[in-house]
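Paired with chain B in one complex and with chain C in the other, chain A is shared by the two complexes that follow.
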Partner chain A sequence: MLERIARERVATLFLVTVIVLLLVGMAAPGFLSARTASIIWSNGLVLMLVALGIFPVILTRNIDVSGGSVLGLSAVTLGLTVNAGAPLPVGIAAALGAGAAAGALNGGLVALLGVPSIVATLGTLGLFRGVMLIATGGEWIEELPQGVKDLADKGFFGLSAIGIVALAVIVVVWLVLRTRRGRWIFAVGDNREAARHLGLPVRRIEFFAFVWAGLMYAIAGIAFAAQIGFVPNQAGSGLELRAIAALVLGGISLLGGVGSVAGVVIGVIFFTSIDTALVFLKIPAYWNDLIGGAMLLAVLLIDGRLRIALEARDRAARYRRGGTQPSKSRDLEEAA
Partner chain B sequence: MKRLMMRWEVLLLGILVLELAVFGAINPRFLNLGSLLYGTSDFVQVGIVAVPLTLVIIAGGIDVSFASTVGLCAITFGIANFFGMPLAVSLGVGFATGALAGLLNATIIRLTRLQPLVVTLGGLYMFSGAATVLSGVVGANGFDGIGGFPAAFTGLGYQMIFGLPMPLFVFLSFSLVMLVLLHVTRFGRLVFQIGQNESAARHAGMPVARVQMLTYVITGLAAALAGLLLSAYFGSARVDLGKATLLPAITAAVLGGASIYGGQGSVIGTIIATFIIGYLQQGLQMSGVPSQVSSALSGALLVVVVAMRHGAPLLREFIPVRPRPSE
Partner chain C sequence: MTSVLAELGRVSKSYGNVPVLKGVDFEVRAGEVHALLGGNGAGKSTLMKILAGLIAPSAGRVSIGGAPLSPATPAQAQAMGLYLVPQEAHIFPNQSVLENICIGLPRRAEAYRTRIRDLIAELGVALSPDAKASTLEIADRQVVEILRGLVREAKVLILDEPTSALTPHEVETLFERMRALRETGHGLVFISHKLHELRAVSDRITVLRDGYVMHSAKMSESGDAEILAAMSPGVGALRERRADRARAERKTLEVTGLCGEGFVDISFDLHHGEVLGLTGVVGAGRTELAETLVGLRPRAGGKIALEGRPFLARTPREAVRQNVVILSEDRQQYGLFLDAPLFWNTSSLVHYLLPFVLRPSAERARFEGYRKTLGIKCETADQPVRSLSGGNQQKVLLSKCLAAKPRVLILDEPTRGVDVGARNDIYELIEQLADAGTAVLLISSDFDEVVRLSDRIAVMAGGHLVGALAGGSSTDEIAQLAFESKEAAHA
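Take a look at the complex of A and B:
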């Protein structure tokens, strides 16, 4: 039982989410409906895209905390180009370009110059936010054209254009991580030196993980602008930390090399469900941080203790075997 | 002499002097001793949390939750004061909150053996959430402050001690204690050794868990100190008092020479870095640069300095070694 919970993190978290949703549904009738599901999906879109961006970076055992600022920068790029009269595709391309450039700067600092990723991205977090504020002159960007807002409108099967893009990204990440080159990302995060000795282009992999993250933040920025219809100064601020929290919840190890797309998706949905459920339960919004933080810490605590207990049990089992059949245990250890 | 000149702290001091000279040339009013002295009141809270944060980083950890702890301690102090406790008791409540927050972080890190960044990230949310909820208890909704402090307390924020403004004096004396603690005492050596190689320290029988826990508790206490100082300075306790210290404090610690991988760093470096960051913001403002540009510049400063520190050895790899001229 314990083993199941610890080893199948995604399934467990899925069960917990379902149970929480059912409990909320009992407390607040009308909560369990297709409409709620659609609300949770669209509320979680931006967070989902940011989390999918950070995911490969964390897999390579780096971290990127500049996401919120890159999101804001891309949203502003989109807003400024579109409001200046450029057609929508040009605006979107500019936003994606800004995101990729920001990611390339992060990647260059980390992969080429060897700056620790937490320090480099903390610096660019301030840098990109500043660049964004310079670009807007500290003003909010309002009155985005209808074309931008249409991106978030429900269309095809109740999914918005942005929603379809997010789904596509989930599928793409899942597929890419199954390919030969996708496994390289895990290899770099699991053991960087070993990966290098195997001949993998470690630095290039890290660099492109950051560029990918920048692109995803840009899409998240477009989604953000489309959903709320304007770009405030603080767009996306603090989102990177929420995304990292959701990833950790979904079983992605910050020590690199461990994690799955399913974990990302369920982690984000869990976080968003909690927020949405609080609204339904008419709990004031200022409880969100306390409940979210306490839940994160509780999950970490339970998960960490479970893992340690399992390790201790495995070790004890090995020693027991070692006591009775020394020759066989050596074989097993070698095999393991 | 050469070894002294090559020290990182000396280089930092040079940067600080250069910075002051440049801003002085742009705007001569900047070099007014009074404004330099009183200007510190706007940024010493960054230093107060950055110095103990340096200890945490040297011991191989990291703490991001202090930014919320500042607000939480200010709020618990404000609540204690609201319910009519004597000033000393209220202050005690504030400091106890900070110590408890640090203790909670350290305990969870210890119990789960997870990365400190993840755990304190959870703390960052939970403490600011707790502060928001608590401030609702006394009817100060959302982000409104809790005020109504005794005049003896609010007066503290503007008092002069030995010719120094109170916040600066508190910062300098607190840093002095930390300086001695880190660089002179046995505890300080333990902090460095644990950061250098935690396993070696553990196998050598050093109290690894206790020392790391103490660094987090000290950071919590320092966050409380910053929160109380800011409450006195502004005359009200708000949830978001410490929010703006998160990045500058980490920047100050890293700029000051603390290695994010542990085992390296110095209190003096962090102190100088605090002044560099603080005066950079003020100098840019006085030179007529909009505040958004100055925030970009301080982010860029961190990136450039750290890239220089890490890039320099890398460059050396590419440059072929030349035979040394005979000395």
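Take a look at the complex of A and C:
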């Protein structure tokens, strides 16, 4: 039992999420409905996209804390271009381009210049936010055209356009990680020197992880703008830390080389479910951070203790095995 | 005339202004094992990394299979049929053995499963392709590296100190595999510090010193003295074992019926000024025993007395305060702070003796003292340990232990990865310590070393103490005890 819980983090977290939802459902009738599910999905969309962006970066044992700023920068790029009269596809392309360029800058600093990723992205975190503020003169971008807002409108089977894109991204990441090259991403994070020895293009893999992250933040920025219909000057601020927390919760190791897409998805859904449940329980929104943080700590603490207990048990078992073999030989001596 | 599989011509390499290789010629021929010998810092590893495409040479030619290595990348070298098995196996702990072997290959891992199963059978090893790599023993990790080379159809395999973590029995198995590879027309480069190992399998020997080739000839035509002189003039062979000495009656450490992780019912005495050799094969429980003595592992039962008084260290700190000190077998992982200055490392075990506000000048002076007695080669006391060669790192590690003024000094594999020159220094130091009254527990898998240094020898197998021998016993006697007991344990 213990073993299952510790070894299958994703399944356990899924169970915990279900239990929490059921409990909330009992306390607040009407909570358990397709409508709530749809709310959780759309509330979690932006976080999901940011998390899916950071995911490969963390797998390669790097970190990217510039996600919130890149999101803001991309949303502003979209807003400025479409408000200047450009057609929506052009706006979207510009936003994606901004995200990819930001990612390439991060990737270049880390993979080509060898700057530690935490240092590089802390720097660009401020840099990108600054570029965004200068571009807007510190103003909010309001009155986005209807076309942008339509992207968040439910259409196809209750899914919005950006919802479908997010689903597609989940499938793409899942598929890519199952390929031969996908495994390289794990390998770089697991043992960078070994990957280099085996001739894997380590720097290129790291670079592309960051570019991918930038692209995902850009899609998250578009989703963000579509959902709320305007772009505040602090758009996305702090989101990267929530995304990293969700990843950790979903069993993605910050030491690299370990994690699954299912873990990303369930980690994000767990976080969003709690926020949504609090609304139903009529707990003021300013409680969200405290409760979310406490839940994260609780899960990680329990998980950590379980692992330690399990390791101690494995160790004891290993030495018991080692000890039984010689005891036989002692029997032989006694018999002799 | 045998064909040349890989060749280095007039290869030079400098880091900044420091030349490491100064025009080295080297070749690997089909069906030959080429021994490469040299002290720490002689340039062996650099030379092999150049051949494997991991480092670009400053000047000179590199060719594999008759064609120049271009571009100089590991992927290209592997594609041209050369694989470097590094000293410390590079594994991906979170992936399976199969994935570890196949990563970087053009097809998916599953496509190579049968081929790898065949290779595992050919090598005669017990290794499951589906085991998680983090569960593998050191020797098996090395097998994973060799398999990587074989799956890549490498004609040239470079083995960088493959025996340093192996027991004599495993070494013999490795040699058989190497001979088998030689028969099938592979060319091998074998790097080791141990001359008798090189002699056992090699056809040709090249000795490097200070970036030059000092000697290169057929193994059968090279005498030991000639080789040693080429490697480090003035040192000669390892010094002879000193004469037997009368054992002091004073018991420093008495261990009675000690049980713990991986060993049961261990009893022995360690006398004042004595070197007690504790040997056996890897997994015999020696390191576990040592770590239990100093409080790194929990004790399950039994008694320990230090100079007649009960001794119980629950943490290493308590042990150090009573001057019971261990030198860890893995200096990189457990012994040294690699990026910290040399003098920090020397003070690190006695940190609780340092004043509240540190006095670096006093610490530097302490280091300076040890630098002289141990002969540590360095530029300043402030350079990081990482910048030193293996032998000098080991001496810094020793200085750390000595700073704690040990009454009982436990040395776990004190000369692993250390060249002959530094090894001699360390042997001499151990003898001086014993003469000054320190009780030394010497743990080593190198039977020659144990015989060379010990006043008495204890052999462990499968967690038991299986025998005690007098100093000066032969290595055969030790091997018999260590292996036969092991086999009995498995029966």
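To be clear about the criterion, the second predicted complex is superposed on the first by the 325 of 336 C-alpha atoms of A that agree within 3 Å, B and C clash if a C-alpha of one lies under 4 Å from a C-alpha of the other, contacts with A are read in each partner's own complex, and residues count from 1 in each chain.
Assume contacts are C-beta pairs under 8 Å (C-beta built on N, C-alpha and C of every residue); 3 or more make two chains touch, one makes a residue touch a chain.
Note that this is a predicted model, so its numbers are computed, not measured.
Q: For A:257, using the defined touch cut-off, is the partner it touches chain B, chain C, both, or neither? Pick first, second, both or neither.
A: second
Q: If we overlay the two complexes on their shared chain A, which of chain B and chain C does A:198 touch? Say first, second, both or neither.
A: A:198 sits against chain C, while chain B stays out of touch.
Q: Would you mind checking which one, chain B or chain C, touches more residues on chain A?
A: Partner with more touched residues of chain A: B.
Q: Have a look at where A:300 lands relative to chain B and chain C in the superposition and call it first, second, both or neither.
A: So A:300 only meets chain B here.
Q: If you stack the two complexes on chain A, which partner ends up touching A:109: first (chain B), second (chain C), both, or neither?
A: first
Q: Based on the superposed arrangement, let me know which partner A:126 touches: chain B (first), chain C (second), both, or neither?
A: first
Q: Under the contact definition given at the top, report the residues of chain A touching chain B in one complex and chain C in the other.
A: The answer is that chain A has no such residue.
Q: In their shared complex, at which residues does chain B touch chain A?
A: Result: residues 62, 108, 111-115, 117-119, 121-130, 132-133, 136, 142, 247, 250-251, 254, 260-261, 290, 292-303, 306-307, 310-311, 314 of chain B touch chain A.
Q: Which part of chain A faces chain C closely enough to touch in the complex?
A: Where chain A meets chain C, its residues are 180, 183-184, 186-187, 190-191, 193-201, 257-258, 315-316, 319, 322-323, 325-330, 332.
Q: Spell out the part of chain A that touches chain B in their complex, as residue ranges.
A: For chain A paired with chain B, touching residues are 63, 109, 113-116, 118-120, 122-131, 133-134, 137-138, 241, 244-245, 248, 254-255, 284, 286-294, 296-297, 300-301, 303-305, 308.
Q: In their shared complex, at which residues does chain C touch chain A?
A: 53-54, 73-78, 84, 86, 90-95, 99, 103-104, 107-109, 148, 261-264, 283, 285, 288, 461-464, 485, 488-491
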